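A, B, C and D are the chain letters, set down in written order, and residue numbers restart from 1 in every chain.
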Amino acid sequence: MSDNSNTAILLLSCADRQGLVSRISSFISENGGNIINLNEHVDVNGDIFFLRVSWDISGFTIAKNGIEEAIAALVPDLDAFWKLHFANINPRAALFVSKYDHCFRDILWRNSMGEFSLDIPLIISNSPDLEPIADRYGIPFHVFPITPESKAFQEDKELDLLRESGVDFIILARYMQILSPKIVDEYPNNIINIHHSFLPAFVGSNPYRQAYERGVKIIGATSHFVTEELDQGPIIEQNIERITHRDTVKDLIRKGRDLERLVLARAVRLHSEHRILVHGSKTIVFE
Amino acid sequence: MSDNSNTAILLLSCADRQGLVSRISSFISENGGNIINLNEHVDVNGDIFFLRVSWDISGFTIAKNGIEEAIAALVPDLDAFWKLHFANINPRAALFVSKYDHCFRDILWRNSMGEFSLDIPLIISNSPDLEPIADRYGIPFHVFPITPESKAFQEDKELDLLRESGVDFIILARYMQILSPKIVDEYPNNIINIHHSFLPAFVGSNPYRQAYERGVKIIGATSHFVTEELDQGPIIEQNIERITHRDTVKDLIRKGRDLERLVLARAVRLHSEHRILVHGSKTIVFE
Amino acid sequence: MSDNSNTAILLLSCADRQGLVSRISSFISENGGNIINLNEHVDVNGDIFFLRVSWDISGFTIAKNGIEEAIAALVPDLDAFWKLHFANINPRAALFVSKYDHCFRDILWRNSMGEFSLDIPLIISNSPDLEPIADRYGIPFHVFPITPESKAFQEDKELDLLRESGVDFIILARYMQILSPKIVDEYPNNIINIHHSFLPAFVGSNPYRQAYERGVKIIGATSHFVTEELDQGPIIEQNIERITHRDTVKDLIRKGRDLERLVLARAVRLHSEHRILVHGSKTIVFE
Amino acid sequence: MSDNSNTAILLLSCADRQGLVSRISSFISENGGNIINLNEHVDVNGDIFFLRVSWDISGFTIAKNGIEEAIAALVPDLDAFWKLHFANINPRAALFVSKYDHCFRDILWRNSMGEFSLDIPLIISNSPDLEPIADRYGIPFHVFPITPESKAFQEDKELDLLRESGVDFIILARYMQILSPKIVDEYPNNIINIHHSFLPAFVGSNPYRQAYERGVKIIGATSHFVTEELDQGPIIEQNIERITHRDTVKDLIRKGRDLERLVLARAVRLHSEHRILVHGSKTIVFE
């Protein structure tokens, strides 16, 4: 599942047509690359082509800094969405958090274990509570308290910081504020949220309370990209856990913490490894 | 998990108070019964007491046909809901079906394998399609075609048949008609439906299409007791299956058939073994 | 997930080298084919290349009966294992069964629902018990009673029948006889068995009894290709179910039946759709 | 699922006989107690009776320190195994650890979140590596390096420490040493281990490597009580995760870390809440 360090990764989607795999794979082999992993999917309904290919560039005849230009020259006619990544250049993510620490600790620890190949250059919070944890990992922790009055102003400062830090995406580790469109729009399909329900069931607040009241026998958690509509963005990953009549809301919250940790971590890992393409309201996940 | 044939089973719920388990277990032991299984639950919020107890009546000093009266005399002050069953008297269920055969075949086959200890004295359908399958199991198959005009009249005839047959509960094995309140009201918490989604997500029609459009990563099925409000009754059992971007609506339907079979069978088994108590919109399931 | 009827499917594995995807995808596009699905995997340790590619041959310039030869000419230097299939030509499987009917009924019913795109031209059993079920599906049912003395002779007759029927693979739907090497060797990686445990735990007989005695909290089922060593062949699919201290061996058998049905069906589906490559003692499964 | 603080909990097992539930529940109610939860199980084969009952002692007429004596007087004829606990008195556990930190961090964090109601008065390790984590939780961390020569001597010192600390049980959070019988014998059914495989598959060392070599499609983790025979003790909890041909041994180790954390935490929670009875090589788990 892992790509070695001397590896280029291309994600591409466009209208389907004949010869796309051939065109790209020939480009790779003719320039001395060796494909490590290629996954291709054509959407049954929309005739859309989706591709993730990774290849060894040890002997590639095009210099690393020239590959992007070469690909642009390869696909000018396709009206494609595409992105090129190198496995040895970690993507950079900002971590947003409030007071719940379970996802926050988990993401930081997993990254320290090398599960993500991710750089986390900064943490943003609306509360100072979790700063000591950030300190242990040596990551700057920026506090922006948010009130209805200060929100616009504080988010501007957050955006400045995000831009300066050159982050590629944002992880909302149970961040208890709704981001304004100005942030959402600047990181399209690059803000990962964890919602503590099995979406589309129980949108909004207190999903565990909602689940308890409804008497479901299974609870869930959902990670998704953030869009302007609350809890409606493309779903990346979901998981579930059984509950019984003996479980109180407190038990649901406890069981849910495990779900949230697992589901958010999986989404972060998939996105860090450049395995997700978005099409409309859905994700294509190349595992 | 199984009770032997010389076994009485009591399900009881009432407001909690001191001494309930003692009162009932002493009644059993003082009359020469031996408890096989006792499960008790007190609801944290509502202070409601729920009990399922099964006991060996081989040496019981009260005759089988006197036990009901004895229990009535034991709990006159409790304003309790309670039901007495004997493990060697199979409950009787009517099976409702339309054209989808997967749940229908599965319930009949499982019952023939002894999974349910259930008698199915009749099958009701709005279509003659599946009669040959019923014939193989020797179960009368009654066809009542339903149109908006004929519905009230046909349901009256169905009710007559259900009453004559002395059925204890109804299993809707993907029956594609909404039952009128006159049937629902006659079998409170005794009509088991299988809905092909993870409720409360995707109520109503075409849940697999809805799930596909939303781009969820997991689909589900839910068995619940039927109430007057569509897909809102107390949930008995749920289960899920992973899907990916490669799965079409047709794949969801295929994967869903397996889910529906498993979830409905489990609900039927639990109810046949008298393991379910209903409290408000929820079930207490004593496994 | 499904390939349409005018589709060719190539499975190929060989030592990895540069340009393999390009060579094959260019062959397809240069001859007017359009790739529907391409999945490629390179084994980290062994440097082995595995490929499954399906493509639309509606406008393919090579005639259907010439494609095999063309591929042979394309890869003469690779020392590759490869097989070409057409999605509209169903593979042919023989079903072996004894007395347990759950997997047997399930495979026949699923195939009748179109879940497999498989032809089942014959059924072989060492017992006449399940013939009535075969009759309903109109499939010839051949009984070969096996005793230690008759085994060699009966298996020769079975082999004759299998050869005449031109079957591509064999499904052991809880067939309670061990096949002799002469059958196993004639269908390498083409005999699918279902073992009622989570292999490698509980090989051999009575795995549910073994699981009960050991006190595990989860039981499983495993489908695998048959090799000469019992229960040691490459694993195709596994699944599990939770059990508790309340479950008796009889409950394990009941829960296991569901597992066995699901796991065997999934393996049959994967193999019917030409999604499995074998490498050593492992399978590569292209979903 | 949680018992409040003014609660007594009785675990009891003995040969089954008539009147056991009545005797115990009458004792509770006649002395002014109110049963919160009662779970009873009779083993089908061995005619053994297992009970867990918790009751509110707010109005109990027997003083807290007299209840144990009263129960002894209640069951002198039963030759029963029984233990009395109070929900507001946390059990005390020693945590053993080596160099892997995932289970260790997880147990400490969960306990700080109140998931276990457990006191952890000391940590024992054969390596100083994880001491800084212990320090953050303010728990004494004792290092006993183990060599073949020093093992007997060091374990004596560990035993002294365990006795002084009055611990009720021991948690092996991936402790990489085999405990000698002198420790195992002093804590029968009170040493919880986490084994990183789906027992009984892959006993011994490197289970992820073993799983990879065998080509299984699912990996597991198992928590069990430690007995003198390696990996053979009564199983408390198991869980599993799917893997594919793309997963390397490194991926299995990563996925396994999540499993190990969940499975060990669940076992610790069950044991802290006095929900486990052991019978022979099996556990009865009252959830």
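The definition used in the following text is that contacts are C-beta pairs under 8 Å (C-beta built on N, C-alpha and C of every residue); 3 or more make two chains touch, one makes a residue touch a chain.
These numbers come from a predicted model, not from an experiment.
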When B-C is set beside A-C, which has more C-beta pairs in contact? A-C
Chain copies touching (chain A, chain D) - same or different residues, decided at half shared: same
Of all other chains, the one whose Cα centre sits farthest from chain D: C
Whole-Å separation of chain centres (CA-atom averages), chain A against chain B: 42
What whole-number Å value describes the gap between the mean CA coordinates of chain A and chain C? 36
Mind pulling the chain C residues that touch 2 or more other chains? 41, 244, 246, 248
Complex contact set, residues of chain A against chain D: 1-2, 102, 105, 109, 113, 115, 244, 246-248, 250-251, 254, 257-258, 262, 287
Parts of chain A lying in touch with chain C, wherever the complex brings them together: 16-23, 25-26, 28-30, 32-42
Spell out the residues on chain D that touch chain C in their complex, using ranges where they run on. 41, 44, 198-202, 213-218, 220, 234-240, 244-246, 248, 281-285
